[in-house]
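Input: structures, listed below.
Both complexes shown next keep chain A, but they swap its partner, so chain B is in the first and chain C is in the second.
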Partner chain A sequence: MTELKRYLAPTSLDQAVECLKGGNVTILAGGTDLTPQSQAGRIKFKQTLMNIRHIPQLTGITLEGKEIRIGALATITEIMEHPLVRQHLPVLVEACDHFASDQIRNAGTIGGNICNASPAGDTLIPLLVLDACVELASMPEAKLYRHCMPISTFFTGPGKTRKSLCELVTGVRIPVPGAGHVSRFYKHGTRPALDISTISIGLAADIHDGVMKNVRVAFGAVAPTPLRATATESALEGRHLDAATIEAAAIAARDEVNPIDDVRATAWYRKEMIHNMTKRLLENVSA
Partner chain B sequence: MTVAEKKHRVIEPDSLIGKRIPKMDAPDKASGRTRYIHDINLPGQLHGRILRSARIHALIKSIDTSAARALPGVHVVITAADIPDQRPIGVAKDHFPLKVGRVRSERDEIAAVAAESEEIAEAALKLIKVEYEDLPVIGNPEDSIKPGAVLIHPEPHGADGSHLHLKQGTSIAHRGKADNVAMRFDYSHGDVVQAEAESDVVIEDSFKLHYVTHCCMGVSGMIAEFDSAGNVLMYSNTQVPFLHKREFAEYLNIDPARIRIIQPPIGGGFGSKLDIYPFEVICLFLARAAKRPVKMLFTREEEFLASPTRQPVLLTLRSGCKKDGTLTFRQVHTLHDNGAYTSWGATTPFVMMQTFSSLYRVPNCDYHTAAVYTNNPYAGSFRGYGNLQATFAIEQHMDMLAEAIGMDPLEFRMKNAQDAGEVTGQGMSFKSCGFKDCIKSAASRSDFSRKFAENHANQKKPGNIKRGIGMASMLHVGGGAKIYPSDGCGTILKMDDFANVTLITGASEIGQGSETVLSQLVCEELGLPISAVTVVNNDTAITPWDVGVHASRTTFIAGNSAIGAAKKAKSKILAVAAKKFDCTEADLDLRGGFVIRADSGEALVELSKLLRNLHFQDKAELVMTTFYYEPPSVHQDKGFKGDVSAAYAWGNQVVEVEVDTDTGFIKLLKVTGAHDVGRVLNRLGIEGQIEGGVVMGQGYAFTEDLMIEDGKMKNPNFRDYKLVTAPEIPEMDIAFIESMDGEGPQGAKGVGEAPAICMAAAAANAIANATGVRLFELPFTPEKVYRALHGQTPKRYWKPWKAE
Partner chain C sequence: MSALKHEIEFTLNGVKRKVTVDVTMNALDMLRDVVGLTGTKYGCGEGECGACTIQVDGVSLNSCLMFAVDCAGRTITTVEGLTDQPRGEALRDAFVEHGAVQCGFCTPGMMMQADHLLHKHPHPDEGCVKRGLEGNLCRCTGYKKIVDAVVACGADK
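Let's look at the complex of A and B:
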């Protein structure tokens, strides 16, 4: 039986982070992970269940200077359909399109996907290659405190992040890519919807005169967290995308991941797919 | 219109046969009005839940239910100790509903609770303390038959070594079993040794078939209630109410007359409801003890854990042929993972041996199966009943033999396919047989030969996308199967004063569309629209006996029974009308709700009026008829020979795939099928049944995989157990071969199981055509395919096992 004693639905960010001070709070947004996981006994409700869906500061998708800010409560569907995202962040749209099913996309939020911190989380791979930052809010004293953390340092393990129990993810900030930016996403699942990635790959770079700069590569479902693939990035940084570079990068990719065997695939197959599909994505970019 | 003109109204001939008729239950199902067992709640009802084993194989040292009993809202807690008159259940009588002294699989039932809510019942289960002593686990059938293997059903002794002194009996549950072999089947015709010597080509391969389960959308459930006189009313999802009535009576130690089974609409059967399972008997025990109605519904996880599965099979097939393409022999050994207990599904070799002995002309055949106990979930019956497994092996060998002698696989099949009039080595007599037409139709519509040659030529060319085409054929019973003393079905038909028909049939509707087809057949005889029929088919206190829904038998058997009752009604009506119009019965017919002149179609009298005249007169009479149909099939002899079905169904399916050699992904492009169904009765219904079967076969071939490791199920959920989803379903082009079976109702034969049978075999042949690599193990998941394509799948050889 649950220890749940209190249900809160704050209508402002201040109220919400104030409630978080004690730390003994389970946060509910879309509920698409929380509900099945609590029913399966993998998540135990804390004393307070806090529904954050009525907090206006957590909503919206806006252009703020050179960044696109996506509020934590933005649903996967909203993101996928938003003109700003479609114009500037096609790789995120691609990942959203492979996210669960329509029903779940209508309810599930990007903040939830980030905080669930699954190594196979579909939006996390594009966020990693887009150099996204996670916005956090808390109330250490009597005043609201907000700061950002690069998403590449945010995840610490399956379901684990650097967010403290007193903090709330309020949104994510993504620099608007410049000219020459290319990006790709690939999800390896066995069916078109409602599938957990066997592996996923994200790729982004600025290409000028055929040379790749600021290369970002990320892999999902091959490590305890979504993974920035630094060795693969190095194999590509400053290079032309010729056949030898592509093969070298694919091999670097295979060598730097260390996946596990589970019900979806063996580690061997995952490494093979990282190699083959990194290669295919790079070939697609060079074509 | 004048009175004179009206007199000469002519009714044109019309027929319902072959039309596209929506299923009678469809509007309610589509609009959410259907009341499934899940929607039924009785006043005073309690909720039952079962405590299942926390171990795979263990002795039960103690069970403490005191805390559960003390929980407010709990009415009854039972363990085996509380039911001293428990009788063993199952086809081999090898387990008790509540386990005694020992658990043998993850699903095993230890205790049960009836409480005022599901939540309280669930909470009570958590309060039950069980102490176990673990035993070694047998996780696969090969280990089960090794000398010295732990016995799954030893003579029952308590944990301290003392004999349990169970109630005397001869069942396995009482006396144990000295080895782990649950069932054996040995069949042969001809002389395979001689035949092999005369063969030009002989091949031998081992095949491995995996666990899948039915995944009925409606989870299992039951409501049981005892009245004050001790009579039992059960709301049950069974497919075989009349046989189960008798069995339940035995388990409750009461007269079968006291048992009444009502079958609410069910959310899927597919064979899964052919056995009585522990939960049903336990629900009865709870209701008996609580003196209240008890409802028990599975959770989805429980549905995975505690429902039957298809038989996992290890199979070694040796086949031979001559250079001219004549098949010479088949020799096959199979090892079936029975799981911890034995269900009806253990008798799948009945069907498998028919396919080995009689799919194509096989002069010599030698077949052996051992179904052995393990600590895995116990396998049951599932649409196709062993035929998917057998066909998977045979149809791959058909391609391989053809390749070995350099013959086109289509030509090779045509050369060995049977014609009407043939009797096989197993004694099956093919009175109607559209086999060759099926093969020809599927091949020509899919352009098989051209594509087969082209794909073969493309195998070695560069590029990671390879196309393949493959075919497989099937043979299945299509006129019932005489397994029980009777394979019959009864019908009661009554007509009311408005010429509406109530068709009371023993045949259960389990979603297959039997209500609609039976109504069509009745209306065809009585010249009525389908809206004139009400079907009553779900209450053993009302409906006449039927052996149950299995063996693709309902349209054939219940259809003939319904026609029989309708014909009797018709002849009574025509006799009355003949008298009234002073002519012979042969001069008259029924059409469009009228009695008509047979030659001109002239309407003589409204049927409803005639019926009222008959009713409201001095010698009042009603039209009520009964009929019992028993098919002219025979029981097999001790050597499994005999014409067990009144008709046989044939089919051929061609599968086209695209293989991505970089990932192992397979895109199923198209399925072209041709099925000899005797005759199409309801075109809409049969198309739906074929399409559904193809998708079920697709799931078996490509996506579904119930992963069991050392007795533990790793994916009891729809996230990781992958049913085919809508976008994955391929284009289908299905044709029907109408061989007009002489015994079938309006010429029809059974087709329920047929469409699922060929898919995996045809897919394997298509993958081989695309890549040159042959896969001997299911399912064809991306990783399995990728491994095989990259030489990472060592070829398995299972050495046929013979008992000492």
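Let's look at the complex of A and C:
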């Protein structure tokens, strides 16, 4: 039984957030998750189905000052092919390249990947290590209100975020990394295509004279949310990447994740993989 | 209880169409059950198999993962419209020549995805074709003949 009563396809951001005021809205963008989830009965439609694909403010990939702004409707393919992203954010390109299949990359949007808030969401790990901020829009009174929230505080549980029902994700903002910035992404699954991560790892840091600063480490599919690995970061911050530091960081990584047993892997296997692959990624950076 | 309906207009294989669909219907069901074009196949219904691949505004996607209402205003090509175009025709001939069709169920999706691949990479090597077709499953051929057909089609031009 659905209580769906209205279908809307607004053409401006104002119209969309006005419609969201009541909060009783299911949002449709690429549809690659909403279609199977709703048909399987895992998602119940709310009173209004709102297709946000016709809102120009949600599109585009642009350089704005020292940030790259990716509109919520940018597809995974658009992101991985965009010159700005390829030049400045190779770790995001790498994650997009491991995302599902060509057909799904052509339809799925980054806004959708963020709002689905899967612990295994492929783009979320690079966004975490790149210090991305999520842009939100709402209309608390009669006026459009926009603000940004660091993605590291955005996720609260599987499928759950701090976004209120009256808010719309309009895009994501990523600071352009400076000189000396290095980053890596690794995803483990049973086949290259169409696989949900068993684990994924993102790593970013500024390296000057061999010393790591502003270290960011994030893990996917090992906790209820995509996880910023603060203990692993502390084990690396301000240090030279020698064998002892790498081993200490890999152990910190294994100890701070809290995975579950599921159809894709056991918790034990995930912890071992986090240890081994964190080590391998760091060795790759130091090589 | 009657489901919520919505009227949409779009271009399908070069022809303007106007149809009324259930708002929660996917594009695959619309093509097969409302429009009556059954070339596009239902395989898994969740984007794993690629049998329902169509092209929308020039890019390939899984029609089972698309809302029918989201077709409004867009240009859609299905396998029925593919062979009206020279590349589609060449692809069909290459599939026949290389024995890339056995039971045939994956073939419409394979052709639609291969066409998109050839649009982006006119002369793909084997690795490029395998990568491009990784969202399409075939349970008969072991893929070799399909990959050979697409590589040959790119080499012809």
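By our rule, the second predicted complex is superposed on the first by the 287 of 287 C-alpha atoms of A that agree within 3 Å, B and C clash if a C-alpha of one lies under 4 Å from a C-alpha of the other, contacts with A are read in each partner's own complex, and residues count from 1 in each chain.
Going forward, contacts are C-beta pairs under 8 Å (C-beta built on N, C-alpha and C of every residue); 3 or more make two chains touch, one makes a residue touch a chain.
Everything quoted here is computed from the prediction, not taken from an experiment.
Participant: Quick one: is A:M277 in contact with chain B, with chain C, with both, or with neither? Answer first, second, both or neither.
Facilitator: Only chain B; A:M277 stays clear of chain C.
Participant: Name the chain, either chain B or chain C, that contacts more residues of chain A.
Facilitator: C
Participant: If we overlay the two complexes on their shared chain A, which of chain B and chain C does A:T266 touch? Say first, second, both or neither.
Facilitator: first
Participant: Check the residue A:T161 against both partner chains and state whether it touches chain B (first), chain C (second), both, or neither.
Facilitator: In the superposition, A:T161 contacts neither chain B nor chain C.
Participant: Which partner does A:K5 reach: the first (chain B), the second (chain C), both, or neither?
Facilitator: In the superposed model, A:K5 contacts chain C only, not chain B.
Participant: Between chain B (first) and chain C (second), which, if any, makes contact with A:L49: first, second, both or neither?
Facilitator: In the superposed model, A:L49 contacts chain C only, not chain B.
Participant: With the two complexes superposed on chain A, say which partner A:T77 touches: chain B (first), chain C (second), both, or neither.
Facilitator: The answer is second: A:T77 touches chain C but not chain B.
Participant: Which holds for A:T109: it touches chain B only (first), chain C only (second), both, or neither?
Facilitator: A:T109: touches no partner chain.
Participant: Name the contact category of A:I196: first (chain B only), second (chain C only), both, or neither.
Facilitator: Touch partner of A:I196: chain B, not chain C.
Participant: Of the residues on chain A, which ones does chain B touch that chain C also touches?
Facilitator: Touching chain B in the first complex and chain C in the second, residues 1, 192-194 of chain A appear in both lists.
Participant: Quick check: in the complex, which residue numbers of chain A touch chain C?
Facilitator: 1-2, 4-7, 9, 28, 30-32, 34-36, 38-39, 45, 49, 51, 53, 77, 100-104, 106-107, 192-194
Participant: Which residues of chain B touch chain A in their complex?
Facilitator: The touching residues are 123, 662-663, 665, 703, 707, 714-715, 719-720, 722, 724-725, 727-728, 781-783, 786-787, 790, 792.
Participant: Provide the residue numbers of chain C that touch chain A in the complex, in ascending order.
Facilitator: Touching chain A from chain C are residues 1, 3-4, 6, 23-24, 26, 45-48, 50, 53, 59-62, 64-67, 69-70, 72, 113, 116-117, 132, 134-136.
Participant: In the complex formed with chain B, which residues of chain A make contact?
Facilitator: Touch list, chain A to chain B: 1, 188, 190-196, 198, 263-266, 268-269, 272-273, 276-277, 280.
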